[in-house]
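Got a structure for you, written out below as structure tokens; questions coming shortly.
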Amino acid sequence: MTSKVYPDAAASLEGLLFQGMTIMAGGFGLCGVPENLILALRNSGVMDLTVIGNNVGCDNHGMWHVLTNGQIKKVLASYVGENKVLEQLYMNGGIEIEFNPQGTLAERIRAGGAGIPAFYTRTGYGTAVAEGKETRQFQGEWHVMETGLTADLSLVKAWKGDTEGNLVYRKTARNFNPMIATAGNVTVAEVEELVQPGELEPDQIHTPGIFVQRIFKGTQYVKYIERLTTRPRQAAAAGEAH
Amino acid sequence: MAWTREEMAARAARELRDGYYVNLGVGIPTLVANMIPPGIKVTLQSENGMLGMGPFPYEGEADPDLINAGKQTITELPHSSYFSSADSFGMIRGGHINLSILGGMQVNEQGDLANWMVPGKMIKGMGGAMDLVAGVPRVVVVMEHTEKSGAPKFKRQCTLPLTGTAVVDLLITELGAFEIDSRGGGATLIELADGVGLDEIQSKTEAHFRVCSTLA
Amino acid sequence: MTSKVYPDAAASLEGLLFQGMTIMAGGFGLCGVPENLILALRNSGVMDLTVIGNNVGCDNHGMWHVLTNGQIKKVLASYVGENKVLEQLYMNGGIEIEFNPQGTLAERIRAGGAGIPAFYTRTGYGTAVAEGKETRQFQGEWHVMETGLTADLSLVKAWKGDTEGNLVYRKTARNFNPMIATAGNVTVAEVEELVQPGELEPDQIHTPGIFVQRIFKGTQYVKYIERLTTRPRQAAAAGEAH
Amino acid sequence: MAWTREEMAARAARELRDGYYVNLGVGIPTLVANMIPPGIKVTLQSENGMLGMGPFPYEGEADPDLINAGKQTITELPHSSYFSSADSFGMIRGGHINLSILGGMQVNEQGDLANWMVPGKMIKGMGGAMDLVAGVPRVVVVMEHTEKSGAPKFKRQCTLPLTGTAVVDLLITELGAFEIDSRGGGATLIELADGVGLDEIQSKTEAHFRVCSTLA
């Protein structure tokens, strides 16, 4: 019987990469990012990628590595701040970016994974986002038609996963990973802990294994914090207002 | 005396009601989190996938897997829950968030909002702003009344690319507060900062607006 | 501060019911059905209801009680077998039924809760389900436009819930409950165990409290099994083939 | 000798491949669960919200919260997972289930399927059948070759209301198996039950079909 388990990121990408392909990657900012897979993608040198994700890394981290290696031709994202290389490339016309409202991007990916070719949303009506798109009224309100998104390859990061590909995410590291897992022609998952079937509670699995074709235990997670915000311990009483 | 940033946030906090689920943008809106009136319960949503956003962690206790939509490290509360970005924006788009308080670059008298890009400048993307203004039933914008140049930001028509049309319900600046009827009824000045006169706010505003009878 | 907690089903429905209203109820067959709420709905006597759910109870159980009490005018469902009263009413023209493919019904409810007024699906193209609906090609394949569904009131059943309305479902009793919780103008949840905030793991909440306006601890759950299927213990080895 | 119900299920089971996720309809398709070839791993989906469907529970251990789409009590396996009906049909509609094996009332030579209602008879609803045939890339239908009256069920055109158009890839009856090209290429008889002659199957079939060269 074929196993979904691979020894590392490089092995897990073997045979999946080709020039001009579309790749989705999970993460919000640098939270819940498939760090090992992104480095293996950089090391592969595969070119002319279209990359779909909420962000495209930030300076020195995440998808920034693939970007600065000149491998990305086009980006679909909702926010690309804190990434000087990308901003510079974009302003110089060195890269194409299609900006999507964050919720529209999330829903387009969910739709792609769920076999829904298009849906309507109020988001973006009357703005640049609606340009060139079909608009239409439902119950007197204007909506924009948005299409589902799929990818040749989806890269996701989970906290725990079992050898069957069942995944559990941790806190806000969940973000775009669950939808992206459903929208890849092939989905590869990296996990902090790889466990045996039966160790994850069936009621608490966020991504069922059907969506994951390959899985491996990631290593050396950096989990870089973009904006470390803390409060001094003595200010506890005041800080707990909400 | 115009309102300070804290006073603007405090004015926005008066929009909170018991039981509300609220999404706060970055900047002045974030200050509202510390101004929830006593005796009411407000749950803060972070659009990257969390309800029940808690305060910043103690020094040394930050968790890289727990950030808000501004990428800041935060904490969870006993009633917190996590969910995917698709579920999060389902919540927003579906009208389940009661109130969103956001920053703005320009607002017009019909409630149009521009707050995501300036042509020719670095474009970072709209993030979740377009979804929030389209989906949340009550949108409050908190912004400076004028540009540094003195040019009015509350306008007849926005000149910057829009975030949404007819979406702003309340505009709060350092000079006062305007209720905007996003169904086409126009804007009404409903409050003036202490010491700010009607003449001053009129001279610094391009938008047409009515004046609430108690201020006229 | 207002509490979401109510003492029982009757109290939890107070002030919410009116003639001609639309009510969604969770459950698949008799699994994960809001039993207490349905009985309270029957006892209320509110008339001319439109009821949306995968099924409408089965003989002597679940929504059958409301149906036989003559309170239902119209049903949206995917399957109404094992319910002789409903079948009889339908064949006699005594009730209107709009049949929806199960996945389309689930997605229409999810869309309603998520602010999506319409979407496209391949399901039902070329069948009676597509009659009178817009059809359209995406990437050479025909699709049907389906609209989002919402309700005046949603009734759901969860395993555990906290006083903030956060819900956790158990096994296949989850079924339609999570989407239905999102699609009600008001959502009332009944739970087998009502706990304090902090007792549910934030990563494992299936329905965040934002969707639940009222909650109570249900009593006397019948959990009737429609088709009890078992195997004798001695046949264990053979029966475990899959 | 025509195939028995078990032999029809066994023929359907030959469509299983290692690593497949499979949805089985009620009736003969359910028997396939007990005929998974050794050495391959197949995961069964139940469209009410479960992957990794296990066998029936031991007597006295049935759990009312754990049923399959046929409302039968079942059990979970170590790798099982539960999810909502929306997520379940996202899986189905999105093409993630590899194979669906269903019962049928009529199939036509283009792969149209009718299996949910007979006009004038009691109408129970289509349940998940329309979603399964529309979403699953490979659909196998297992049905009796003729009505009790002897009327053919594999037809030029279905006369019953359709479940889906051009959706059936393989039709298995007690007389044999037909591959159907749902892209318009028509039907081909690829197998005959032991002792069933070409004449017999042709006389009991209304659909046009080619005969695989090994059978002609």
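Labels A, B, C and D are assigned to the chains in the order they are written; within every chain, residues are numbered from 1.
As a working rule, a residue touches a chain if its C-beta (ideal position, glycine included) is under 8 Å from a C-beta of that chain, and two chains touch if they have at least 3 such contacts.
Predicted, not measured: the structure shown is a model, and the values here were computed from it.
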Query raised in the report: Where the contacts of chain B and chain D overlap, which chains show up?
Result: A, C
**Report entry** Euclidean distance of C-alpha centroids - chain A vs chain D, Å
**Finding:** 36
Requested in this report: Compute the distance, rounded to whole Å, between the mean C-alpha positions of chain C and chain D.
Outcome: 27
Query - Overlap residues in chain A, where contacts from two or more other chains coincide - result: 107, 110, 114-116, 121-122, 169-171, 174, 202-203
Query raised in the report: Mind pulling the chain B residues that touch 2 or more other chains?
Result: 76, 82-83, 89-90, 92-93, 135
**Report entry** Touching chain combinations (by label order)
**Finding:** A-B, A-C, A-D, B-C, C-D
Query raised in the report: Within the complex, which stretch of chain B touches chain A?
Result: 33-36, 42, 44, 46-50, 53-74, 76, 82-86, 88-90, 92-93, 112, 122-131, 134-135, 161-165
Query raised in the report: Contact residues on chain A for chain B in the complex?
Result: 28-32, 54, 77-82, 87, 90-91, 97, 99, 101-104, 106-107, 109-110, 121-129, 159, 169-179, 206, 223-233, 236, 239-242
Report summary line: Residue positions on chain A within touch of chain C in the complex are 107, 111, 114-122, 138-139, 141, 143, 147, 168-171, 174, 201-204
Query raised in the report: Any idea which chain C residues touch chain B in the complex?
Result: 1-2, 110, 112-116, 162, 164, 166, 182, 196-198, 202-203, 205, 208-211
Report task. Mind listing the chain B positions that touch chain C in their complex? Result -> 18-19, 21, 39-41, 43, 45, 51-52, 76-83, 87, 89-97, 135
